[in-house]
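What follows is a structure written as structure tokens; I'll ask about it next.
In order of appearance the chains are A, B, C and D, and numbering begins at 1 in each one.
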Amino acid sequence: MGLLKIDDLKVHFPIRGGFFRTIVDYVKAVDGVSFELNEGETYGLVGESGSGKSTTGKAVVKLNDATSGRILFEGQDLSKLSFGQMKPFRKDIQMIFQDPYSSLNPKKRVVDIIAEPLRNYERLSVGEEKKMIQKYLDKVGLSPDSMYKYPHEFSGGQRQRIGIARALTLKPKLIIADEPVSALDVSVQAQVLNFLQDLQEEFKLTYLFIGHDLGVIRHICDRMGVMYRGRLVEEGISEEIYENPQHIYTKRLIASIPDLNHEMREKKTNLRKRVAKEYEQNHSKYFDDLGRAYDLKPISNTHRVALR
Amino acid sequence: MEKPILQIENLTTSFKIKDKYYMAVDHVSFSVSENEIVAVVGESGCGKSALALSIMRLHNNQRTKIEGEIKYRERNIVTISEGQMNQIRGKEIGIIFQEPLTALNPLMTVGDQIEENLTFHTKLSKEKKRLRTIELLTQVGIPSPTRTYDQFPHELSGGMRQRVMISIAIACNPSLVIADEPTTALDVTIQAQILELLKSIQKETKMGIILITHDLSVVAEVADRVIVMYAGQVVEMGTVKQIFTKPLHPYTRSLLKSIPSQATNKKRLHVIDGMVPSIVNMNRESCRFSPRIPWIPCNAHEESPELHEVAPDHWVRCTCYKHFYFKGLQRGEITNGIT
Amino acid sequence: MWKFILRRFFVMIPQLFILSLIVFALAKQMPGDALTGISMDPRISPERIYELREKAGLNDPWYEQYGRWISGIIHGDFGKSYTHKIPVTEVIAERIWNTVFLALITLILTYLFAIPMGILSGRYNDTWIDKIVTGYNYLGFATPLFIFALIMLFVFGFSVGWFPTGGSVSSKVDAQTFEYYVSKLHHVILPALSTALIATVGTVQYLRNEIIDNKFKDYTRTARSKGIPDNKIYTRHILRNSLLPIAAFLGYEITGLVGGTVIIETIFSYPGVGQLFISSIGLRDFSVVTAIVMMLGFATLLGTLLSDIILSLVDPRVRVE
Amino acid sequence: MKGESVNNIQLAKRSPSGIKIIWQELKKDRLAFGSLFFLLILLVSVYIASFMMDQKAIARVDIYSIYLSPSERNLLGTDYAGRDILGQLIFGTSNSFTISLCITSLTAFIGLSAGLIAGYFGGVVDNVIMRAIDFIMSLPSTMMIIVFVTVVPKFTVTNFILIMSIFLWTGKARLIRSKTLAERELEYVQASRTLGTPHWKIILSHILPNISSIIIVNFTLNLAGNIGLETALTFLGFGLPESTPSLGTLISYARNPDVLENKWWIWLPAAMMILVLMLSINFMGQALKRAADARQRRG
């Protein structure tokens, strides 16, 4: 039994138009996505901008409302809950955000930022709270005297770690990490990724890791799903998808990753050309007449692909 | 050996912050030849974008000071008048910016924005300008150029806008194009297309390209020569082969090692201690990378680190590279970035 | 495009409807009605008054009265003025052109001051010229129109005597002659100038900020990277993008002027709609008052509509729908 | 890189609380600081004087001393009913300022609540509030206030404040709404929602402090504007009732051309008082605006 099961999730945003500003169409940001997260694993959602990967993540924590479908967390459907009813579940599902600058309130001290979730759920004495915060600051590698500083006194990587500490204080089971390293430089990115892995081990966390950098996703995720225009086109064990992509979009995505080995240049260029050609020729094999990807079909126990 | 188009000697760019000047680009020297892609790579705050804007002299000149020489075809463009510089901008040197949405005027059609370049640098008739613009749009791979000609930037996708940006830069057949993070704002599939496009244009026009980027894999894909910058200085410079197969400077090696790749699967990534110093409070005396490799003894660094030519065309700053090893690994164990 | 204007127009209908309801309700609240004058007369018996009221429909339920009133307005009938004893439309028609003329001159003067000042101080910001303009802005922003107008009247009307201190035209000239128009202009200059000097401040400040903003925009940098000379960058890029919102504010500017007419016409005893409004309130001539509020309400709504249309015409980002 | 490093420095310089920044910025701006100092002295002395003086004595009609020019007995002369101008000026100043302050506070409260609610919740709530605002803003407000004032059965100061407030909260609500909308999109607000923080707490303890400097700036500028508006309406005869003299009352005597032309001591001091009040409040407001708006600081 998975920890989180997403079943045919749809998130549609209305487009208003015409004479009376009525709803004329929908942006189908997420259009029928199903996948499952097992306890303790890291599941990666990868896709380009506008593919609906972030919207999916935000639907789980109710930052977006699901239009239809189910979001089962430990067997309980979250999609029908109101903002208030969601409160007890928020303890178990936390989120890490992309932008280390805007995700921390600039007017609050670190101590207040990290204590915010604690104050919402638990009644701790000032001393207990302080001890807790010091513990988590220590976990993310920040010195205890950073408690009384303001976010602007930290670098991007340190801020991101403050954000992680904040998400940890309630001892969540699931963390939704929405592009947590894409705003960071490579060297800082490495640091944050390491922290995420260490913490996963220590706190038995499950991650839903959303990203666009395939290198990072491959590095950190056990399993992953590839999203394209609101649909999952391929899903399974990361290793398998990288080594043996089946859907044309996945192939294209992987072929596009620039290679650190400069001697592979020509090979890469040729590969891209080949994939582009296949993309044009076999379009109907992968997409229906409306350009929508087909439903996922298992091709092995661990690998599902959207094929006709 | 191709002849150099641009030669930069001891270029120093300083910004005025609270009435004091701080060097963002610190005595940088390098050259770009015809038909060559030189990549300038480094993390944010290393001065690479300041370098790009200095070459074009696009900084706010009330709070920026540029010293040293930038010789474009034997002519020092640091000292020429603004009017003379306008004859070089757009015509001889083109530039591509990072954000294709904000870099285009929202109220002007794509066609007008490209034609503007031709208006100020050629004597083409109106009709000829239009034809040339459509030719350019075709060249950068825009599917329906005549339609796009009359469209506004907001009607185009990010990739298409960046193609428009490129056609503005190459409109007058410049001999040098500066691409300042041209693919950072784009998706990876589009990034690949834009890089291929730049390469194919270069093949046709033989122009030199300075590619500014933070992404080492992009560098590995397209560059001929690589300049690694740290804290405003060049710390290592060499051919793409030298940099990627035999990196020497501790910073280059650390950077390469921290990139997640196939080999690092689920393993811990290499982390560089500390953080990039800000230009306001940095120690400009000794090796600027030394605070981040504290386990290397002080005497391994030079007192005022210089660039040393360790192999033909391969330059490294400071002598600390000779003594550098990764913490946790045996001293003397040779590791390059990739493995 | 037409669809947009049409839709915007239809949005106005409920607004006008609510406005008319409010005005009607207010009119009902106003002390006295068409028969108040007679009912004070002791020679007429209360029964007779009741009869008269009945006949005039004043005892009907409010919605019937409202229905009659609104259908009258739609047909251009605002009722009769108690004090002038002629149809309200005629009373207003006498004055409206004066007000329109004053507003037009004010508008022209406002932009005549605002655009050069805004451009100069935006382009050469932090120079002496900018400091002068900003200083003027500070003063203008802090000076209430009525005080400035009074001082203008005191200085240029009474003390120096360059301009007339009241009326819209000299009584000594004949209509339709050249002197007549000169005299009209002579009368309108001082009130228009007073308003414009104060009203221009907002536009100057806005334009200045826009220009400074646009100077540092990425697309301006792109333009510079093309090797376009500084002057051309201003005319082709920065000014075009900065003047756009100013053009769109034209409508709101008109809306603002409507409010100003009440004060300015009172101070300069200028026979326009604003002054008529104040004097009618004083005389309790409420059919005139309601008519003016309705009309000017309509004018303000038109002003905002105009702004929206201009904006959608000049900005391609709005134009595409 | 330049933008980034410059930003970092600005960030570092930015002190944590909005009020603190504002205080520091005020101290730096000599003109604004002087204005504050001057304003405080002026208001304190006006309030003390009006407290000590006998209002009835000043309102008493004295037909033997009509239109006296300034003299030792009446420092600023007398009006058409022989009343002392200086006394009226002092009462007028304190009344005008107090009432404008009330109007500003009331509109600030309404505008802030409406703006925060509309901006934070969006959707239908926002739509309803915005339509109401659009409607009120499209009314010819000066005229509507005048009509309301004449229609209201029992015209009192409270009623006047309420009527003014009905028409004056909308601009502020709009401003606050747009700032709230922008703030809401920032990730720290989203983060608070995922942390289980209730809506009211997010609005009050996260969004409000982050827009506080704008609120303060807007409050000051509105205060100055409201003094102008109140006195203008009183000048026209539709502002404060006779029993509560305002600065506008004194100026309204100048509607008589004879007073305007020949008896400057009646209206000019009041006009100058309004100018001085509005200017000094505005100087402070503009300095605060520069402090709040980094773009302006850049020059």
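Convention: contacts are C-beta pairs under 8 Å (C-beta built on N, C-alpha and C of every residue); 3 or more make two chains touch, one makes a residue touch a chain.
All values derive from a computational prediction rather than experimental measurement.
Pairs A-D and A-B differ in how many C-beta pairs touch across them, and the larger number is found at A-B. In terms of the distance between Cα centroids, subunit D is separated most widely from B. The mean-CA centres of subunit A and subunit D are about 48 angstrom from one another, to the nearest whole unit. Distance from the subunit A centre to the subunit B centre is 31 Å, each centre being the mean of its Cα atoms. Centre-to-centre spacing of subunit B and subunit D amounts to 53 Å, using the average Cα coordinate of each chain. With centres taken as mean Cα positions, subunit C sits 55 Å from subunit A.
Residues of subunit A found to touch two or more other chains are absent. Within subunit B, residues 44 each touch two or more of the remaining chains. Put simply, subunit C touches subunit D in their complex at residues 15, 18-19, 26, 29-31, 125-126, 138-139, 141-147, 150-151, 153-154, 158, 165-166, 209, 212-213, 255, 258-260, 262-263, 266-267, 277-278, 281-282, 289, 292-293, 296-297, 299-301, 304. Residues of subunit B that touch subunit C in their complex: 56, 58, 60, 82-83, 85-91, 94-95, 97, 99, 102-108, 113, 116-117, 120-121, 152, 154-155, 165, 168-169. Those residues of subunit D that touch subunit C in the complex are listed here as 134-135, 138-144, 146-148, 150-151, 224, 227-229, 231-232, 235-238, 251, 254-255, 257, 260-261, 264, 267, 271, 274-275, 278-279, 281-283, 286, 295-296, 299.
The touching residues of subunit A, counted against subunit D in their complex, run 58, 61-63, 83, 87, 90-91, 93-95, 97-99, 102-109, 116-117, 120-121, 150, 152-153, 163, 166, 170. By the touch rule above, subunit C contacts subunit B in their complex via residues 216-219, 221-230, 232, 236-237, 240-241, 244, 314-317, 320.
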